[in-house]
Amino acid sequence: MLPQWNRNPPFNITRASHVVLTSRDLAASRDFYTQVVGLVLTEETPDVLYLRGLEEAAHHSVLIQRISADEPSCRAVGFRVGDEEDLEKALRYFRSRNVSVQELSVPHQGRTIRIIDPVGSVVELCATMEVAPRFMQDFHLFRGGSPQRLDHFQLVTYDVQSATDFYAEIGFRVAEYTTGADDQLWGSWLERKGNTHDLVFTNGHGPQLHHFAFTTPDANSLIHACDVSSSLRAGDIIDRGPGRHGISNALFVYFRDPDGHRIELFTSHYQFIDIEAPPIRWDISDPRRAQLWGFPASRRWFFEASVFENSPVKEPLLKADVPTLEAYLAGT
Amino acid sequence: MLPQWNRNPPFNITRASHVVLTSRDLAASRDFYTQVVGLVLTEETPDVLYLRGLEEAAHHSVLIQRISADEPSCRAVGFRVGDEEDLEKALRYFRSRNVSVQELSVPHQGRTIRIIDPVGSVVELCATMEVAPRFMQDFHLFRGGSPQRLDHFQLVTYDVQSATDFYAEIGFRVAEYTTGADDQLWGSWLERKGNTHDLVFTNGHGPQLHHFAFTTPDANSLIHACDVSSSLRAGDIIDRGPGRHGISNALFVYFRDPDGHRIELFTSHYQFIDIEAPPIRWDISDPRRAQLWGFPASRRWFFEASVFENSPVKEPLLKADVPTLEAYLAGT
Amino acid sequence: MLPQWNRNPPFNITRASHVVLTSRDLAASRDFYTQVVGLVLTEETPDVLYLRGLEEAAHHSVLIQRISADEPSCRAVGFRVGDEEDLEKALRYFRSRNVSVQELSVPHQGRTIRIIDPVGSVVELCATMEVAPRFMQDFHLFRGGSPQRLDHFQLVTYDVQSATDFYAEIGFRVAEYTTGADDQLWGSWLERKGNTHDLVFTNGHGPQLHHFAFTTPDANSLIHACDVSSSLRAGDIIDRGPGRHGISNALFVYFRDPDGHRIELFTSHYQFIDIEAPPIRWDISDPRRAQLWGFPASRRWFFEASVFENSPVKEPLLKADVPTLEAYLAGT
Amino acid sequence: MLPQWNRNPPFNITRASHVVLTSRDLAASRDFYTQVVGLVLTEETPDVLYLRGLEEAAHHSVLIQRISADEPSCRAVGFRVGDEEDLEKALRYFRSRNVSVQELSVPHQGRTIRIIDPVGSVVELCATMEVAPRFMQDFHLFRGGSPQRLDHFQLVTYDVQSATDFYAEIGFRVAEYTTGADDQLWGSWLERKGNTHDLVFTNGHGPQLHHFAFTTPDANSLIHACDVSSSLRAGDIIDRGPGRHGISNALFVYFRDPDGHRIELFTSHYQFIDIEAPPIRWDISDPRRAQLWGFPASRRWFFEASVFENSPVKEPLLKADVPTLEAYLAGT
């Protein structure tokens, strides 16, 4: 069931801001993100890569930290709040609700807090970052998919309803959602910045980061990323697409980075601002919600994702007969 | 001089919403807007055309009203406010500041008010409209430039400073601006919806509507609009571009409709949300502000625009040596 | 083994020209080809559709003939010869080689002959057709994939070596080919018009028409065809792609028409004219030959094709372990 | 008046092959051609740059030779012939017609001859070149306009009729042409390789090389070349476009290299093979011949070109009122 959208939230989250990943091979990560995806490397230390999209004026939107022995994981997904006052309000709000929250010192970011949300996702909030030059007019530096900016995160959760309730209460609005016959919520596309999504929850073993997504200028950039992935002999890293999602209308392709983290490049979502605009409902059994055309997702796409470090993964409350390639094969 | 941005405005304007134009030939307007531009005709009466972009869920973003004898003009540019409460607050705010304001009954719009701003522009505000289906996934209906949504207005004003001050006070933020050596403000690009601009003021004989702008999905759509304008034998209606603006980074083309109103189709502006992101300053003498490449604007582009009905046009406070095609010719 | 290319052939074939298909529902065919693919309908009778690409100056390149009870099939693939003298030479050449050849009267075509080649494919030759206006500058008529011209045919044959030998002797040149470890020919890409292919043979149950292919202007047109196939609720007619072939470098998508005939839309093949330019060899085990990126072909793509009317299908001489979606699944 | 097309020419020219230019600054040329245009540098010596398009399998299509004091010029435009026998036939043919012809030793080219045609143009012929790898699938190396292959030359001549007669006799076919009221030939678009043009003659002070042209994959590549020219601060090198030619249907942009040589990047011309396809006639007074939309050419475009070294420029036989920007201004 769709929760009530809180139009006067306790603090102001403005947008999806950054993702913190771990990697066992920073050099491989750097090559993948700068050459195939086309991100800009703002800064590099022996232990951390700071990357950003071409139009971004912030120091980083992808932060990759070196690990040695452990499994690669997601350490946090980050959002921006309007200003420092919002951050203070957020801190007080979470404490009052017994949400686990800690302060953090992150280089190049302003004051930063991290919470663990009710479904176990690790979320970072900050109001500011160091400014970096926008490279959107340095066209000679465009590479791969020419990614412009981080747009949204998709998280797998064992309890879409609880996750959606929590974020609706702090001001996220549902733009699109999937339900079954009994109105149970299978997925929710939540937004703050006035277009389709900043944060998506889908049903499954969670919490996990399914993917983070960057906008590309157009279909050509997206195809070029595929072509470059091929000519750099990284062609096996596509695990879905190109195709067109029914939900969000994105023309998409999904890559896996060398540590298995999934990144979406997409174009063409839409503005979602007016209060009277209704959220779009899709039935979980409607194949058009997932793709208007093109091949269905691979099994990898359905069953692999990045765990959140130290956040145990739980069985989903809703049991799915997920459509798979096998199902597709029956009809081929 | 850049005014202070009021981050806690008296009411919440959310986005550029619609434009009200007059026309002496609705049939010609309909053909132009549906075939060359590619807008959807939501509704048509003997006296009014209601048009919208392909992804828009609102009843109209371009409203064209029939006139017989008079010169075609702009009757208003419209913005959305967050909700009815914001509209009420706006009404009170304007009255308290002695801004001319009147209530209006507009079919298919919620409660609507019209003001005349301090530089004579006629501005409409409403919180809601009737909902219309988004056609963004009706790809077989895409025509011309496949315009997705109304994005912004550019107004010519005789006093950019006063105009900018007024809108900054009600929450508009300057994303980019042009100044001369003495810091006088020649142009300001103001936004509410989190990307480059909802409202632009440039120095000149004003108030006039210079143009309104729709987003297109990509360069191909923009080129296709040019091609279609040609194959429908409307090829003389381009008066600038295609080219790339330095300001806003838009890849643009400007058409004139059958009544002379100017519409921009563009792609590729950028997100502008974070408080630390600095506005971009351009020197009025820098030719790159107007175009990174391509031919300069035609004389028409500089000196022709749509008057606001009943709002007298005044001499600009700043006197310009506007670069012209003639200037360009000297070097060709 | 690659046959010797006969640079002084007995007559001059200039290009792939047209395909003759049968259909049980001409209305459905017309909708598919004009709306999803975007071909121009030159002429329609109760029993025949004559279609052409947007830039084509010939009366038809796709000819669809109504049948009632039978299975849809391909009646012929057609090539142009340089002039009537070439046609006469061809007639004499085929007769001298005991190739089955008959004269045919086809409306809107000049003198026409039909042969059955040594591997059972039915091939039509003519020197001229009635001229039709090129619509390449009627941009307002562009629909679906904006197909510009027929480019090539791909035939499945039980004996690639014999087929290739026969066509090399009449002047076709191998641009690319696939072989196994023992140099056996698994596929050959043959051309006459100076770019990658006019005629392709691949190993399998044949003779069958695997597909015919039209050029599109760019990736956007190809994606738009997919989108339109979806918005017209014909989204299940894609059975491969979009993807990038290693062989020919085509960015491709494959549709099935309402009778199951397969059409490829593609962009980006290359010029192949100079005598010193070597043909490109691919190993049959190299997955990059089939696609540089993207999902593998569906089972349908491998095992379904259009039979030639009255030409019995034979077992392939080479036995393949064709890569399938199942194989792909093992790794997903 | 259109000359008769000689369908059985004395030797077989297959395509436009290469252009030989001189430069006063090879480093500047290299930067321009590799970064803005996006050509591949096959080889570089202190005195010569050898460049080729991304899909080209030949050693060079642009050859730039260092000069010190002199004015930059064009030393030759080059065509390929079918084989060495054709070259020998060409040699004999030109000698028999008293056309000035000399043998030349050019590194990386097979046997090469140079002629001076009846209107003074310097033309090189060879049958083969050293093979270089095609880079069309090295997508990570695509830069600027991603030029695929050299397509055609446009020469300015004082006598279009004589030039056209000469080339028609050696097998060039007129695809499009411009005439005045009296049927005088103002321009001719001549082809050998089966699409719109390999060689163009237009009326003016000649002989001069007006431009040479490379194909780009699509509109996006062309726009990207403009963008890169801007971000490398070379934005003043565009002297026409982007726009759409009526003749040839090319979507075009014209750059000037650091020595003033003009290069066109274009996409979308069409196949021209069938004997019954009529050449397209344009009236010299029809503005749509030059552009279907967009700004008219600059004065530079009309009056500047590259002289042929040692070939004196003559007054045109036909006197033109060339449309200029000034004319355009009258209506702006």
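By written order: A, B, C and D. Residues from 1 in each chain.
Rule of thumb we're sticking to: contacts are C-beta pairs under 8 Å (C-beta built on N, C-alpha and C of every residue); 3 or more make two chains touch, one makes a residue touch a chain.
Being a predicted model, the structure only gives us computed values, none of them experimental.
Under the contact definition, chain B and chain C share the contacting chains A, D.
Greatest centre-to-centre distance from chain D is found for A, with centres as Cα means. Across the two interfaces under comparison, A-C and A-D, the one joined by more C-beta contacts turns out to be A-C. With centres taken as mean Cα positions, chain B sits 33 Å from chain A. Separating the CA-averaged centres of chain A and chain C is a span of 42 Å.
Once the centre of each chain is set as its mean CA position, chain A and chain D turn out to be 49 Å apart.
Residue positions 137, 218-220, 227, 230-231, 292 of chain A each touch two or more of the other chains. Chain contact summary for the complex, chain D toward chain C: residues 7, 14-15, 55, 57-58, 80, 82-83, 127-129, 131, 134, 136-137, 148-149, 193-194, 217-220, 246, 249, 267-268, 270-271, 273-278, 292.
Considering their complex, residues 35, 137-144, 218, 220, 224, 227-228, 230-232 of chain D touch chain A. Against chain D, in their complex, chain B makes its touches with residues 218-220, 223, 226-227, 229-231, 235, 238-239, 242, 244, 251, 288, 292-295, 298-300, 325-326, 328-329, 332.
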